[in-house]
Amino acid sequence: MAETTIGIAELTAWLRRFRELVGGNRGYLTELDSAIGDADHGANMDRGMAAVVAKLEETPAETADDLFKRTGMTLVSTVGGASGPLYGTFFLRLGTSLGAVAEADATAFGAALRAGLEGVVQRGKAEAGDKTMYDALAPALEAYDGAVAGGSSLAEAAHAALEAAAAGRDATVPLVARKGRASYLGERSAGHLDPGATSATLLFQALDDTLAGK
Amino acid sequence: MKKLINDPDRVLADSLVGYAAAHPEVRVDHENRIVYRATPKDSGKVGLVSGGGSGHEPLHGGYVGLGMLDAAAAGEVFTSPTPDQVQEATKNVDFGAGVLHIVKNYTGDVMNFEMAAELASAETGAQVETVVVNDDVAVQDSLYTAGRRGVGTTVLLEKIVGAAAEEGRPLAEVAALARQVSESGRSMGMALTSCTVPAAGKPTFDLPDDEMEIGIGIHGEPGRRRVPLAPASDIARMLVEPVLADLDFTASPAIVMLNGMGGSPLIELYLMYGEVVKLLEAAGVTVARRLVGDFITSLDMAGCSLTVLKADDELIRLWDAPVNTPGLRWGV
Amino acid sequence: MKKLINDPDRVLADSLVGYAAAHPEVRVDHENRIVYRATPKDSGKVGLVSGGGSGHEPLHGGYVGLGMLDAAAAGEVFTSPTPDQVQEATKNVDFGAGVLHIVKNYTGDVMNFEMAAELASAETGAQVETVVVNDDVAVQDSLYTAGRRGVGTTVLLEKIVGAAAEEGRPLAEVAALARQVSESGRSMGMALTSCTVPAAGKPTFDLPDDEMEIGIGIHGEPGRRRVPLAPASDIARMLVEPVLADLDFTASPAIVMLNGMGGSPLIELYLMYGEVVKLLEAAGVTVARRLVGDFITSLDMAGCSLTVLKADDELIRLWDAPVNTPGLRWGV
Amino acid sequence: MAETTIGIAELTAWLRRFRELVGGNRGYLTELDSAIGDADHGANMDRGMAAVVAKLEETPAETADDLFKRTGMTLVSTVGGASGPLYGTFFLRLGTSLGAVAEADATAFGAALRAGLEGVVQRGKAEAGDKTMYDALAPALEAYDGAVAGGSSLAEAAHAALEAAAAGRDATVPLVARKGRASYLGERSAGHLDPGATSATLLFQALDDTLAGK
């Protein structure tokens, strides 16, 4: 039978795992950002997620809104750049959407992810095909919702989300950027992976890693 | 990577220590990475706050002082400051006449300043106006993109608007002036070499010995096109032509800045200025004031950028007004 | 070679064109390659003439103006000016109170200024005094060698002695003061990269990515030793220690300059200054005044130098006096 | 029988040949100066000798003093650096020593070279072994005088001078410089040819080339 909830321990583990993946891919993300940006996406995400994990180490969160609001606020106040407000807003909205609960079912979690994405769009005005993190996030949520609707477990939905995120990320390669720093390059932005879509895929990788085996 | 640094992740913090020691006329809040005037202006003056990623020195911290900024928030290298920093700066230079945020048009900068303005208004009811500088003609502008980058005009704007704020003009006027300056400036840059972001540890892009990038910004982002290395006179043409094609500068006096990117020595910048001014004058531009040197840099990148600002008597008057900052100083 | 130039053999001439256009406050004699104040001082003032090879900008042309030099003769890149140039400059700034030649201690500079002084005295009976700056502690001094190089102290000397000359003091006093300053300053430099002399077309020396040169001068000459690349704090020690070992700076206030070599950006120079000032203060040196930036460069070399000057109340007073030149400006 | 005089045409040809050799070795001289100096000796000598030849093209000299004084003054006023005053003084003294003559015998020419060297020493205070142009000039004059004393022709004496100059130049390699810019390097100046000794050898090479076949 499908596992239907994700608890505060797993949500926290998700963030920890995201921090690990970001740290391990710091150089890679920066390299991607060198090609079409300003060579700091790895450093930005690493600085931010290291701060998040340090904050959570001090006082573990007991509810989802505490967990994600602290995560979002820490990202906003330590990252800067484009990714700080965008990831920050994403997590803030996740917290608001989930509220003061210690666990969430697949539908509530899906709704929270959707609220997060809406926050990203509100801040950044990105649309599909602009070659941003949106291009990984949006198909991921699409796949997640589809899986849940089809009766998959949360873990299975997370895995579907990861695969869609990865596909969305890869599909950014031929795109000409219309948002963010890469847009300044015009045609020269084509032929490269978008750094933010890559880190967003790591976010779903982290979720999949956390829930795998469940 | 060859740099005068200790630890790639501590460059900004360490540099601010030296900056504070070098300039007793400013005060550095090291925790929040904000530069303030050591002696703040009395109440009644509009507070001018700018900031952005570091690596562009003397911008912005070097422009804090009499006749320019009241505070500058320093982000990590090439990363805009966080809303917290900008909010803190805003709070501290709100002398009751409101605060103007001077923001360079990058997604990150715009979003972080926006959040700061929201937070500041919510917390203290501060009146905040924002001007976004987007003067880089290398970038095609369009409704569907992030628009043009903010580069050299920022320096001229901070000087001119700083003088107006110093005169005690109200926020609405100061903001309107800022928008006028922003709309009247155009820039174009080029690079002979890439810069190296300390945390990245290697050059952002590779550039063969016989090529250069035209249309670069100030973050080591590649330019619009890569062309064979050319003499200064040709480079001057590649900078001047797109600037003049974008705006008519012949009807009024112009303020011109030939800016170094950080790794090009003054002897070359003067040489470039000579070439640029020849072309400008041939095109009917009257150069009323000029700056040559490193004013908005891109770490150790070799190269230069040209900024031309369409001025008028009032802008020239404000330009000539006293300024006393680490990065620009005259008339005091 | 990647430079913003037209023709390697025309760099100086072209650069002076841009320099003249950039600074209406100076007048450039392009034929003789001399920079003068646009508005010369009235009679009665000692004329201050300096000069040297080009490639050290803003030195010397950038220091012509109120409170500093009256004229600067620009030699080819890294080549001292000829006697003719110096003689011409001397003749034109002899306002009846005599002329002081400020010379950096290099065989070529010393000989060419010497010949110029002989020629000037013979032709117009000009009273010429000379001060030779030799402050580089990287070079072992000895009766049997050319002695120490003249580097950073030259900048501080031109400022301080310029202020004294501006006050109308007689030649003997001005010259004595110049000698006092020259004897009270010490410098030490280092390079992360070689510079490239335009006419040579390639770096003067090869330096692997993981090494640096300690004890370099300002002409791309190799230093005293090559050592592994080190953090800024260690580099600071390699600059501060030999300077302090050579002269006691603890008994009086000091003026400190952390100078960039031309290819190092301001963010790094501030960082280095922070490290240097920590060591100086720990060693009991009281830093009364300081300069951080590019003041005496070596083309596009990355690196920096430290100059410490043993001052006193009078030197500090002269330091603080108004100066209005392209390269240094305050109090006006 | 030994050729005993050198006429104004040959003296002029000597300078032209020196200019050619300096031009052809411009890069080489600068490379030598890169190792222990400031990478400009080739450019300096080239600029100076080009100006000298241009001057002589305008109005050919008819006497030795006119020829060499113009040469010396042109070098002084176009070269700068250490080599300007040193080579300039050398030629000025040559002119003074020879006087307003249209030709000189081997002894007078030798005395003139000696006067030139004395001028160099007066200006630069160099001694044997300081690793300067002196180390090529002094042995060259020594050899010249010896050859003339031994009954050699001027051409033969010039050839002997060239060989001694070259030997003196080569002997600068192991020396630690005590004068000029190379002295700042201390021990690191050892192991390199002195640029000025090398250009001074070209001066005798030019003389030998000019008189060869006579």
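So that you can tell them apart, the chains are marked A, B, C and D in the order they are listed, and the count of residues begins at 1 in each.
To be clear about the criterion, a residue touches a chain if its C-beta (ideal position, glycine included) is under 8 Å from a C-beta of that chain, and two chains touch if they have at least 3 such contacts.
Bear in mind the structure is a predicted one, so any value in this text is a computation, not a measurement.
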Contact steps required, at the very least, to link chain A with chain C come to 2
Farthest CA centroid from chain A: chain D
Chain-centre distance (mean CA atoms) for chain A and chain D, in whole Å, is 75
Chain B and chain D have mean C-alpha positions lying a whole-number Å distance apart equal to 55
Taking each chain's centre as the mean of its CA atoms, chain B sits from chain C at a distance in Å of 29
Note: chain B sits from chain A at a C-alpha centroid distance in Å of 32
Expected list for chain C, residues touching two or more other chains, is 77
Among line, ring, star, complete and other, the chain contact graph is line
Full set of chain pairs in contact is A-B, B-C, C-D
Listed in rising order, the residues of chain A that touch chain B in the complex are 30-31, 34-40, 42-44, 47, 76-86, 123-124, 178-181, 183-186, 188
Within the complex, chain B is touched by chain C residues 2-7, 11, 14-19, 21-22, 54-55, 57-58, 62, 77, 192-193, 209, 212, 229, 231-233, 235, 258, 262-275, 277, 287, 290, 292, 294, 297, 299-300, 302-304, 329-332
The answer for chain B against chain A in the complex is residues 9, 53, 75-84, 106-108, 111-112, 115, 136, 138-140, 144-146, 149, 197, 199-200, 204-205, 217, 219-222, 224-225
